[in-house]
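You will see chain A twice below: alongside chain B first, and alongside chain C after that.
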Partner chain A sequence: MDQIATPQEAIQNKQYKMALIELLYQLADDDFILAFRGSEWLGLAPHIEEDIAYASINQATMGHAVMYYELLESLGEGSADELAHERKASERKNAILLELMNGTGSYLENPSYDWAFTVVRHYFYDIYKKLKLESLKQSSYLPLAQAATKIKMEQYYHVMHWKVWFNQLVLSGGEAKTRMQAAIQKVWDEFADVLSYGTYAADFSKYQLIEEENLFKQKWEVEMQQVFQKAGIDYPGPPSARKGNGRTGMHTEDLNQALSILSEVYSLDPQATW
Partner chain B sequence: MVGKVRENVESMEFLQSKVLQILENVKDPEIPSVSVVDLGMVEDIQIDQYGRVKLKVLPTFVGCPALEIIKKNIIEAIQMVDGVNGVEVEFVHDPPWTSDRISEKGKVNLKQFGIAPPPVFIKEKELWDVECPYCGSHYTTMENLFGPTACRSILYCKSCKNPFEAMKPISTLM
Partner chain C sequence: MYTKSKYVERMSCLQNEEFYHVFEVFSKRNHKSDFQHQFSLLAPNHEMALVMAQENFMRREPVVDIWVVKRSDITKLKPEDKKALERLDNKEYRLTKGYGYLKKKWRKYEQQVLDEKEIMSWGGDQRGPNRNAAGSDSK
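And now, the complex of A and B:
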């Protein structure tokens, strides 16, 4: 099919637009909620250098979410701010894994956050995101292909960062290794949901918005098998989605908790200009 | 008639050069020694016959919080130019901004502010080479890839023992 260069063109084909919007919500909501969970670590990261690095990564990831929300805005979905702050949990399309709390407590009270879980969740997600961006660079929707090209340049450093943490912790002994293995299990239990294209999967590939779902999954698995091999861990086989499928709007209580905190200031006065 | 057209073309070129000149004064709010032109952010300037200016500007990093301030500063600066009748600034992502868009003058001015220009990758040695902006030594180490802003890393000079920052290299090959 021909490349679609503008939102005006995309809007003309109803089915194309529906598929495109669905994909953009998944991309936007994934980056948005993970950047929020990441920002909860601010001031709590293992050391000062990590605090700076992680804050920078979260800012960049939030910037990627904004870019996707702006693409939705140009397709008539409402303003980027509204899309980020005002949508209910059931309207969100992010994968469940990305909304899960960092640990127990809150960033104000007794934060007992799990760094192993954070490292594994980010590293596996960022490898997935890198592959997804590679595919999106060929998307039939030109503004999305251009956004992917831009985001991928920044993503390079994110993957590099989490790779260092992952390898150092997983290749060490003692508590680090045990906790990393538990974290890998926890992430693996939900990762099938991250990989899912949701209900419009067929249309995504029909309109060449992104490569076919199963092909993409295979590509991700090949890359992950190498990650496990280098870390000296047995590959656990295909991942599961125990808590459900976030792409269909199914979510945990953790998402409600996140939304009530992140929209607290916004909701005080939605008309305020920033 | 021909004379009139020529006059118009000349005045347009004059206006274009005036706009470019004024943009040299619009600095990155987080790096006050370098203009948006020298950072390679200004992709295109269009001026129509009514003096309406349209700019295409490339964001360095997507999540850069300085973007809206830069936009405002560009508009305010250009509005001051005689003959300008309205300014529009649009952020575009094609072509994507890469760190090799920084001009030679920009690199000099970055150093003045204590920031090394984007490191150069030396293929033979498979090493990034970063020159200390203070003493010029190449005996430097990367302390943190991520710095105080999205576009900068934190380094340390083992010669003059100063910490410093460097622009993060960004390329479409990544």
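And now, the complex of A and C:
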């Protein structure tokens, strides 16, 4: 199909627009909620240099979410601020894995966060995201292809950062290895949801918004098998989605907890200008 | 609550076990510029230091390359050996300012009228006296 160069063109075809919007919500909500969870580590990361590096990564990821929300804005979905702050949990399309809390306690009280879970969740998500961006660079929707090209520039460092943490902790043995294996299991139990294209999967490929779902999963699996092999861990087979499918609007209580905190200031006065 | 003192306590405990090392971070602003020392940071190994260096010190300005060097790998002068740096203040001839007169000399030659005799004298006898050696008034 021909490339669609502008939002005006995209809204001509109602079915195309529906599929495009669905995909953009998945991309935006994924980056948005994971960047929020990451920001909850501020001041708590294992050491001061990591604290700053990780905070930077979260800012970058939040910036990626902004780019996707702005694409939605240009398609008439409302302002990026509203889309990020005002939508209810049931309207969100992020994968459930990305909304899960960092550990027990809260930021202000007894934050007993799990660094192993954080490293594994980010590393696996960022590898997935890198592959997804590669595919999106060929998207039929030109503004999305252009955004993906830009975002991909920062993705290299993100993957490199988590790769170092992942390999050093997994290969270190002892408590680190045990905790990393538990974290891998936890992430693997939900990762099928991250990979899911949701209800519009057929339209995504029909309109060449992104490559076909199963092809993408195969590509991802090849990459992940290498990751496990280098870490000296057996490949656990296909991942599951035990807590459900976030792409369909199903979510856990953890998302409500995140939304109430991240929109707290915004909700005080939604009309305020920033 | 995870208190600051608890954090510091844990950090110093790790340092006692020689887990963290100090790394010096260098970066290059562009392909033409030299590496410049930026800051130092704590990391357990080189790979981690490099990954930390990027977002800790290169957040605001672009760089084209980064080096990290373990501080303990740097050989420093001992305080008493710093005497080796002392010298007399009589070596002006090593400073390029000693060649300041060259500009004036150039100007003089540039302003000279090129006559036929002058031009013919350039080619001339190749086995002649070495013009560079003859009448040199270098310092």
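To be clear about the criterion, the second predicted complex is superposed on the first by the 274 of 274 C-alpha atoms of A that agree within 3 Å, B and C clash if a C-alpha of one lies under 4 Å from a C-alpha of the other, contacts with A are read in each partner's own complex, and residues count from 1 in each chain.
Heads up, the rule we're going with is that a contact is a pair of C-beta atoms (placed from the backbone, for glycine too) under 8 Å apart; a residue touches a chain by one contact, two chains touch by 3 or more.
In this text the structure is predicted, and so the values were computed from the model without any measurement.
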Chain B versus chain C on the shared chain A, clash or fit? clash
Does the superposition put A:D234 against chain B (first), chain C (second), both, or neither? neither
In the overlay, answer first, second, both or neither for which of chain B and chain C A:P111 touches. second
Based on the superposed arrangement, let me know which partner A:E154 touches: chain B (first), chain C (second), both, or neither? first
In the overlaid three-chain picture, which partner chain does A:S56 touch, first (chain B) or second (chain C), both, or neither? both
Taking the superposition on A as described, I'd like to know which of chain B and chain C A:D2 touches: first, second, both or neither. neither
Where does A:D269 make contact in the superposed view: on chain B (first), on chain C (second), on both, or on neither? neither
Looking at A:M67, would you say it contacts chain B, chain C, both, or neither? Reply first, second, both or neither. first
Clash with chain B: which of chain C's stretches 55-63, 73-81 or 109-117? 55-63
Where chain A meets both chain C and chain B, residue numbers: 49, 52-54, 56-57, 157, 160-161
In the complex formed with chain A, which residues of chain C make contact? 1-2, 11, 20, 41-45, 47-48, 51-52, 54-56, 59
Would you tell me which residues of chain B are touching chain A in their complex? 61-65, 93-94, 96-98, 143-150, 154, 168, 170-172, 174
Residue set of chain A touching chain B in the complex reads 49, 52-57, 59-64, 66-67, 146-147, 149-157, 160-161
Where on chain A is chain C touching in the complex? 44, 47-50, 52-54, 56-57, 108-111, 157, 160-161, 164, 168
